[in-house]
């Protein structure tokens, strides 16, 4: 109880000072708050910051052009929150954005936080556009306010499965890490393999905390597959590839976007060869639709684009374009326009289908060559 | 509540009535005060109340009966998944809460007895490790069975509703005045917590409670004076699990989404820490422990981040790391300096030596 | 057939790491009646310290022979972990020897979290790749059955260390003092045994073994990470209970049995459960076996002590 007193008092004083802060925008100028959520701390903090920068760049560029909507000059304010890639924290910061009165949200980064948080935004009537959550569930909940600018796992999984079967070999073993991401992607890969005439000789499972895969790999070896596909993160994928080779399994190895990283290459060590492949939603950075995007990003922030920044840029642009088309910054008014938005973004053409998924998203397959992942096709 | 009031420095000793009024006022007004800064804090308070219920239930097993349970979160999971099955589009059943919650509680109690039976003979550390295993087994099954939708979890759970009115939609009092859903959740949860406290309090001072205390302090002696230790222990597991089950159901209704990720060993340990931190066996202590530790991360985020920015110009330790650091240090130092917790249990039904003395080694 | 053989090899390798860690648990439990939850994290510290040393050596003496690097990093990691074990005992556990029985356990959980958090602050949250210090080309002793040089080393080293420890406990004056302390602190100290010193020594020995286990674990899988000790720690504790806690031979048997059950279980789970379960359930084996053994034989496979000592 004693503990509770302090925040409550703090709450009061803070509340007073906050309410004083409102209403300062002049009559001709309207401040519009746009929220962004991603992990800004923890082991994928760099990806969260990357997304945030993408949104910042988009808003600043619109600002610089002197945007006015409904007769008022618009001043954007980015409210950036940190969800630590944790569902519980995600819900809390989502609530905080709603409290702050944002007109639209770009985020969250992870599917695990996006899905629970989407309910909060939808209930509050605030459009959310995720630049990087790939779990199909996000847009299958029937929420009108939820969109994404990134290819989902259904699309990625079918490309993965199809590529493996048609280019690498007909007999495929699939291993997943029993997370929502890994299992979801694995199911789609299996469908993709079967649809393109391959056979799935084994489905094996591990966890996202395991380090020993010898037992399941010995089983996989019995099936003698052409390709082993792992859907999970690099921390397991790298050592898994290593253990495969230690067991004398010569099959090709393929993994999803969780393994398309530099860490994977380091962790797999000398087990890496041109028999290792990975897939990633979106276009390779050197083939982006907007050729000057990377330069503008680098000029503004002094660092290179990591992965999803172009799609965060597009997500923010989609919101602003919809506001422009509707002539209003109020979510209820611009939502119909957001559903119909169509423009050429940094990552490609942006338009949403009736569920809120981006239409015709791209998936790229990479192969390990010369010490790094190199895009194919 | 009296214990909480007494714990307030100065006021509790000298003006017990004022202290009680203060506690009551704080409990009732907390969400309103919190809402004045932002609903974020109300959401945090809601979650804290769920932890209070969990801690109360675990306290019954660990604090009263002296059975160390490291898999307690499994019962929370049973309650949450019961809600998910019976009140969501998952299998298309939408039962009202007054049907689902008792069912969830019953299933959890059943799970408690199932766990209790085989481990009756085990004590202390052995019990701890077997219950830990039980918790993990339950989580692994929830994460792999197809009926529970595996790691994907179950989404779109119904919220608490009364006569067709859903609490999550908030309450429109007049045209301009709407009570927020989160505030309503707070009061709903508060009702459950108060109910639990009343039940547990009655239990504690009943024949059963005294029996538990006797088993905790000396099982052999308890048996010798004619206490049916087997039934008493099973009852402790079942009762503790019941509270976990109810709390799990409420969690489901609040979050609207359940997945195995929410029921890890770490959560079990977190709840145990709340119990121990506040004061095992003492209801007031357990409540304070649960509230303090569940508010900690949010408070840290609000204080530690700006403070580090101001002092060093950058964030050296992010709040999550800081929380873990403080939590682990708290666990160690509490045990070293104040092993009976923040608000120790009074020795009414506890042998004084139990609190301060350990068994002589082997 | 070669698959079963391969699974047995896999199981033996995993099991001997468990056994090595389980020895530390069982020694401490035998003497203090304390589950040192942080023991698994000592393994992690050992691995990360060794990684740090190896990385530094790579940087400053690039041409150094891998086995020399291994020796030096072990030479640093073992004393660091021993010191850590000593400090843990002195600062946290010693003062709790007469506290209520939950207190030391909770402290131990706290120490475990503390070690993980500090390691996270020092080494970050990333998985680090552990440099290959052994030749990586797998051997093929039987056609179709593979074993890497690291794994051979693990088998040999753990067997040697375990035998050495048992000799130490059963054949030396120090060992006799340890056994006396385990039997009864008070009487042992009356007989002139410095029990505090013996308890410290126990922690130091256990931590040293954990450091070795950590380096072996990391070089076998090629990864090191701040939370890598938790699961092996838990499994090793299970192994110690399985074998009969407080019994050194039991820890070895428990470790090996658990390793075999886990891999063979994961390998043949479909056949064993008539197609009902698959390898996603592989982690329940440890706990199911533990439950069954404790319920039907509460003293563990080789145990002497009764489970009722609280």
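A, B and C label the chains in the order they appear, each numbered from 1.
Please note the rule applied: a contact is a pair of C-beta atoms (placed from the backbone, for glycine too) under 8 Å apart; a residue touches a chain by one contact, two chains touch by 3 or more.
None of the values given here were measured: they were computed from a predicted structure.
Taken pairwise by the contact criterion, the protein chains are fully connected, each one touching every other.
Two chain pairs, A-C and B-C, are compared here, and B-C has more C-beta pairs in contact (counted per touch definition above). Rounded to whole angstrom units, the spacing between the C-alpha centres of subunit B and subunit C is 33. Mean C-alpha positions place subunit A and subunit C at a centre distance of 39 Å. Looking at subunit A, one finds that residues 42, 178, 205 touch two or more other chains.
Contacts with at least two other chains are made by residues 143-144, 321 of subunit B.
Residue positions of subunit C with contacts to 2 or more other chains are 280, 283.
Within the complex formed with subunit B, the residues of subunit C that make contact are 29, 32-33, 35, 92, 95-107, 109-114, 116-118, 120-121, 182-186, 234, 237-238, 241, 280-281, 283-284, 286-288, 290-291, 294-295, 298, 305, 307-310.
Within the complex formed with subunit C, the subunit B residues making contact are 62, 68, 118-119, 121-126, 128-130, 132-134, 136-137, 140-141, 143-144, 269, 272-273, 276, 280, 317, 321, 324-325, 327-332, 335-336, 339-340, 354-362. Within the complex formed with subunit B, the subunit A residues making contact are 1-5, 7-8, 10-12, 14-15, 18, 41-42, 84, 86-89, 91-93, 95-96, 98-100, 112, 115-116, 119, 123, 137, 141, 178-180, 182-184, 205. On the side of subunit A, the complex with subunit C involves touching residues 42-43, 178, 203-207, 209, 211-212, 214-216, 218-219, 221-222, 234-235, 238-239, 242-243, 245-248, 263, 266-267, 269-270.
By the touch rule above, subunit C contacts subunit A in their complex via residues 3, 6-7, 10-11, 13-14, 124-127, 129, 132, 136, 138, 140, 144, 146, 148, 217, 221-223, 225, 227-228, 231, 262-264, 266-267, 278-280, 282-283.
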